[in-house]
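Multiple structures follow.
There are two complexes below, and they share chain A, which is joined by chain B in the first and by chain C in the second.
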Partner chain A sequence: MVDESWMKTASLLGAALSMGIGAVGPAYGLGYASSKACEGVMRQPYERNRITKIMLIGQAVTESPAIFSLLISILLLFGSIDNPSIVGMMALVGSGLCMGAGALGPGVGAGFANAAACEGVARMPEYETLILRTMLIGQAVSQSTSIYALVIAFLLKIV
Partner chain B sequence: MEGAEIIKAAAVLGAGICMGFGAIGPGIGEGFAAGKACEGVAREPENVNLITRTMLIGQAVSESTGIYSLVIALLMLFVIK
Partner chain C sequence: MVRISKNEKIFLVCVLVIEVLLSFFIKMDMSTIAEPRAKLLTIFGWQIPFNGINIATVLNTWVIMGFLVWVAFVVSRRFTPIPSRLQSLIEMYVQGFDTLCREVLGDKRGRQYMPLVSTLFVFVVLSNWIGVIPSFWRVFKGLPHWMVIEEPTRDLNTTLGLGIMCFVIAHVSGIYFKGFGKYVAEFFEPMIEIGNMRIPNLFMGILNIVGEFGKTISHSFRLFGNILGGSIIIIVISNLTKYIGLPVFLNSFFGLFVGAIQAFVFAMLALVYISLMVNE
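Presenting the complex of A and B:
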């Protein structure tokens, strides 16, 4: 009943879900952070280097769920397909859905933290290191759910 | 058996949905907490340790729903036959 072509269909669907849903959250977070950074530069044009620096560091962390999604998507697109079954099909779709939706929340959350850090540096540039430290600790914790989603997506793909 | 195979198929799809959607809320909530903590540090830098402690306690509580999702996803993957 289930043959190679159905397995390929399921992995294509999974890849699309993973990257499609997974791009929404990080993109929103990145845009929100850069809008706050623009406001900060508008308010304190002489601190533009510090504001840009903290924006880029935070955005690198915010981007990571999108990169996890890309990884799972590429794995689903080009990974090998073994023993076709309905369980295998659903596992491929589930893997894509898991990583896609799992990247949404952490992307938005890390972007909020990054935006507030940009505002903070614009208000008090001399406390840049303290704000950076708080931002990175908070982002690391908020990132953990995307790592859980990555683990489950890997398990679904491989096991 | 066809029936057992369909149950297993539903379980693996369910595990993906469970962990995926379960990760949305904690991610947003914890990021929100981290953002407010950054604002707080920018306003009162001398209280940085207190603010970081409060942020981490709040995030740990908000993380718990993400861990529930993880547990249920693992149960669906490995326990349901």
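Presenting the complex of A and C:
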């Protein structure tokens, strides 16, 4: 019904949507966290090592929605195409859109948690491990929504 | 400033030349990137149900388990008052998880759940790190199955199995410590109060039950997505740069750093889910 080139078009569009929209949220979150870390270093320059450490660990978790977007994007770019039909085409575009839009919120939210942790370490450096643990749990839970988007994007890609 | 001797320079130049020469022969099929490499479909002519098993996952899991048992055996044979390097490493690890669990669960129950949480952490972290060992299956086709090295956590079966295990442990210990009635009643909080009567809130009950399954799904898919994404990014970018230089840095970030953080997050979330069920 639909030939291969239309399916390829749909998967390219899906890949572009996934990574393009999905980069917005994590970028905002990462930038916000690093701005708060700058403020923290300005307030307590002697604690710069601890603040940088917690910023980097938090940012590695914050950017996991972006990694999910990249994963879906690469799968759409290089993946094999089966089920050539209108439904399959829409599923490919929808897969990219789902992951891209789903990465917006969790990226920003996890970045907020990271920023607050940087501020906290600047204010109370001796409670570093407690703050780190709380930040990791909070970030992990706040990213659940991007994981649900990932699951649905996988299902759409397979169907 | 790092000083490089003459022999080391010769070695580095040789490695670089061999890499560049090899890069002309590397051809990868990008369309099967996310699929398991070593699928076993039949054993002695008998068809395996559920679309075959991923033999690489099973073998790598057994390698990791054997390594852990071996380390535990070697260390626990000879404890000394003045610890050796390996013993002090293990002591630091056990003590860290002991204080962590006792802070979250209290002194008595923390000791009970410490082996579970610390074993989850060390198993998941080794599963994430085994992928940085270079193996040639990404380059050459037709290697035997047992030579494939890939992360067991790259397979959804492993992470979903661990997630369901944590789910069952949390709920069974919730029933055990609180009693069945209180355990069920907690799902319907907050109760609707009319006069003296307390009626269970059915709407909240449905939301809480769906939320419990959502917890397990996000718990296992978080690990799976991060590790699969990292390994696919490593493969694609290494393939674009023809395996010269860059894979080292990619492996150290996506393999070692993200792997360690995700393993810690996995173990901590298991601990928190158990504590939500156990604590009053």
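Keep in mind that, in the parts below, the second predicted complex is superposed on the first by the 158 of 159 C-alpha atoms of A that agree within 3 Å, B and C clash if a C-alpha of one lies under 4 Å from a C-alpha of the other, contacts with A are read in each partner's own complex, and residues count from 1 in each chain.
By definition in this document, a contact is a pair of C-beta atoms (placed from the backbone, for glycine too) under 8 Å apart; a residue touches a chain by one contact, two chains touch by 3 or more.
Quantities reported herein were computed from a predicted structural model and do not represent experimental measurements.
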Notebook entry, point to check: Taking the superposition as given, does A:90 touch the first partner, chain B, the second, chain C, both, or neither?
Noted result: first
Item checked: Partner chain(s) touched by A:152 [first = chain B, second = chain C, both, neither] -> first
Next item on the list: State whether chain B or chain C is in contact with more residues of chain A in the superposed arrangement.
Entry: B
Check: Of the partners chain B and chain C, which touch A:71 in the superposed model: first, second, both, neither?
Finding: second
Check: Should A:117 be classified as contacting the first partner (chain B), the second (chain C), both, or neither?
Finding: first
Next item on the list: In the overlay, answer first, second, both or neither for which of chain B and chain C A:60 touches.
Entry: second
Check: Which of the two partners, first being chain B and second being chain C, lies in contact with A:79: first, second, both, or neither?
Finding: second
Notebook entry, point to check: Counting only touches as set out at the top, which of chain B and chain C does A:47 meet: first, second, both, neither?
Noted result: neither
Note to self: Quick check on my understanding: which residues of chain A belong to both its chain B contact set and its chain C contact set?
What the structure shows: 133, 137, 141, 143-144, 148, 151
Notebook entry, point to check: Once bound in the complex, which stretches of chain A touch chain C?
Noted result: 57, 60-61, 64, 67-68, 70-71, 74-75, 78-80, 133, 136-137, 140-141, 143-144, 147-148, 150-151
Checklist line | Complex interface listing, chain C residues touching chain A | finding: 30-34, 100, 214-215, 217-218, 221-222, 225-226, 228-230, 232-233, 236, 257-258, 261, 264-265, 268-269, 272
Next item on the list: In the complex, go through chain B and note every residue touching chain A.
Entry: 5-6, 8-10, 12-17, 19-39, 41-43, 45, 48, 51-52, 55-56, 59-60, 63, 66-67, 69-70, 73-74, 77
Item checked: chain B-facing residues of chain A, complex -> 21, 25, 29, 65, 85-87, 89-91, 93-117, 119-121, 123-124, 127, 130-131, 133-135, 137-139, 141-146, 148-149, 151-153, 155-156, 159
